[in-house]
């Protein structure tokens, strides 16, 4: 068991700032990256709000942690699944989200997008293909 | 200001047991009763679940506080407004709720029901007729 | 005008204590009075002096303590809610036989009656919760 | 079978810590192993020894401490989440210059890596939260 | 390879149950517990959606949580099976993973 | 005699905004703050209901919370007025009571 690589899915269904779950989930992802497992992140329901660009938190006195998502590639966290239907319901499109990229070492370090917009049915498939599901 | 009697409304919109808000709201009501203000309780949305009869909490190891609602009359808390639409949406009728009564000192201590089922529009009127609204 | 303020959620986990802080600050800076802030439910945890937030985050307890010192605020932690959750002052700790206490400067522990009294004596009651 | 358990909410306010306790107890009594219970978010507050719940209510911290003693459970409180919320052991308190600590017997404070490790080393991961 | 989904929120308060229903796959199981047990009751605005999903997934409710909330067996949607904590543990063991819909 | 209603929850996560909308009376004001600001945005499944209520109540959004969540002014529903904390205090003072929809 010690040698086996497990598939970890971090499920994000809550908006940022109103509660701390999004920030503390990200802290788990960063620590978890050191363990060399097969990591994916799912953003659905209000979780899609976490990835919206141009977050500016000066007016409420809390830390803006959204830039950290752009650093995930450096931690080899490169699979961010975002649900299309959740975006639609919230009046959002892919253009409203941050650009998050990683360098693919298997493809001559080409820059590739980490965000993968998937349908609800595809998200269900992603969820069903995991060993460990961590919910926030 | 010290002499003025204010209208206090305690708004209950959450189910019991899953969270502590219902129980701790009731604790405020009991303490508040000593202050001789004009007290009403509103039960709407999941708050109507608080009043459902036959609650038995032995299986989950938490305290059953629902009998306390029946003691409210002794504290001169006699106006419990329950929203009809909230009951309907949850498949409940007035018969699913506890009998909660008080003795009316202005009517030869006749026993009267404390629960008043009101429409959503009437609930809005109750809410608009308060000095202080405490939300739980 | 006199504002009474209720904080119903703990620090960091919910934004409630931040919003309440911003509201109280704005009210005081604009000539209003805030005779009391009442911490209930998990809100009692705002008053712990043992928190050590990351250096790049705001220190919620210290912000409240500083605001209280500056404006002579009455920050009241509900005793019943505090006992369930492990928030104690020196007095309570010794009375209950506990070997430590964790309340911050600027906060005091008192009963639920202080909440009702606040509702009676202020012009508006604001609730920040979840 | 090995169950890893995450508790994400504080005691009394949410039912999560009660449900987790009931689940762990049932698992242990039916021949399963629970190598670790990890307390995250407000869940860290379950580990305070300063709580004094009303006498007619369950004592959540004591229930966990007793279960840990009986079954040699590893109850881990996340250090990062604990620091924000004011949960400290003696070691952390002295390292951080705090004059008190409030962790209960049976709990220990450690890093988030213990959560990931638990996910790797157990057969099923259960999350009790809000 | 199937999943045990757990739902602990009232479906009238949050969208967790609906999100769970729309992501659970055929052969999965859904356990409603804590305030989630309200999702297992008849005659609500959501009962038809829950009952319909019962055709492809297996629905369970935690007995202790239903009792606490005054939900009699007769009020449970047809096909919902009550379990105790031992049953909860067994469900978790019998499925390949658990997904908590918080 | 009018009420300032405050809503701090996302309308996609909980029913607080909808319950508020269905209880607010003509002449009241609704301030959306914290995660409640999502209720003030265009193009959502709830935007029409919110905009329609704007005919009888006045709608406000807390600027700092909207900024934090990356909601540009152009994304606000027509007729929603942004306020800062000073404006929030003024709204509370100008109405006879405040009702927090938690």
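The first chain written gets the first letter, and so on, giving A, B, C, D, E and F; residue counts start at 1 in each chain.
Here, a contact is a pair of C-beta atoms (placed from the backbone, for glycine too) under 8 Å apart; a residue touches a chain by one contact, two chains touch by 3 or more.
All values derive from a computational prediction rather than experimental measurement.
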{"item": "Minimum number of chain-to-chain contact steps, chain D to chain F", "value": "2"}
{"item": "Each chain counted as touching chain A and chain B at once", "value": "C, D, E, F"}
{"item": "Pair of chains with maximal C-beta contact number", "value": "C-D"}
{"item": "Per Cα centroids, the chain farthest from chain C", "value": "E"}
{"item": "Homomeric contact chain C-chain D: same or different residue positions, threshold half", "value": "same"}
{"item": "Most remote chain, CA-based centroid, reference being chain D", "value": "F"}
{"item": "Where chain B and chain F are represented by their mean Cα positions, the distance between them in whole Å", "value": "27"}
{"item": "Length of the line joining the C-alpha centres of chain C and chain E, rounded to whole Å", "value": "38"}
{"item": "Gap in Å, rounded to a whole number, between the CA centres of chain F and chain C", "value": "26"}
{"item": "Shared interface positions of chain A, touching two or more other chains", "value": "17-20, 45, 60, 62, 132-133, 135-136"}
{"item": "Multi-partner residues of chain E (each touching 2 or more other chains)", "value": "8, 12-13, 15, 34-35, 64, 84, 97-98, 100, 102"}
{"item": "Two or more partner chains touched - positions in chain D", "value": "8, 12-13, 15, 19, 22, 41, 57, 80, 84, 125, 127, 129-130"}
{"item": "Chains grouped in pairs wherever the two touch, ordered by label", "value": "A-C, A-D, A-E, A-F, B-C, B-D, B-E, B-F, C-D, C-F, D-E, E-F"}
{"item": "Of chain E, residues touching chain A in the complex", "value": "1, 3, 15-16, 19, 22-25, 28, 97-102"}
{"item": "In the complex with chain D, residue positions of chain A that touch it", "value": "1-2, 6, 8, 20-21, 24, 27-28, 31-32, 34-35, 37, 132-136"}
{"item": "Residues on chain C engaged by chain D in the complex (per definition of touch)", "value": "10-13, 41-42, 45, 48-54, 57, 61, 80, 83-88, 93, 96, 98, 100-102"}
{"item": "Contacting residues of chain E [partner chain D, same complex]", "value": "6, 8, 33-35, 64, 84-86, 88-90, 92-93, 97-98, 100, 102"}
{"item": "Interface residues, chain C side, partner chain A - complex", "value": "12-15, 18-19, 21-22, 56-58, 130"}
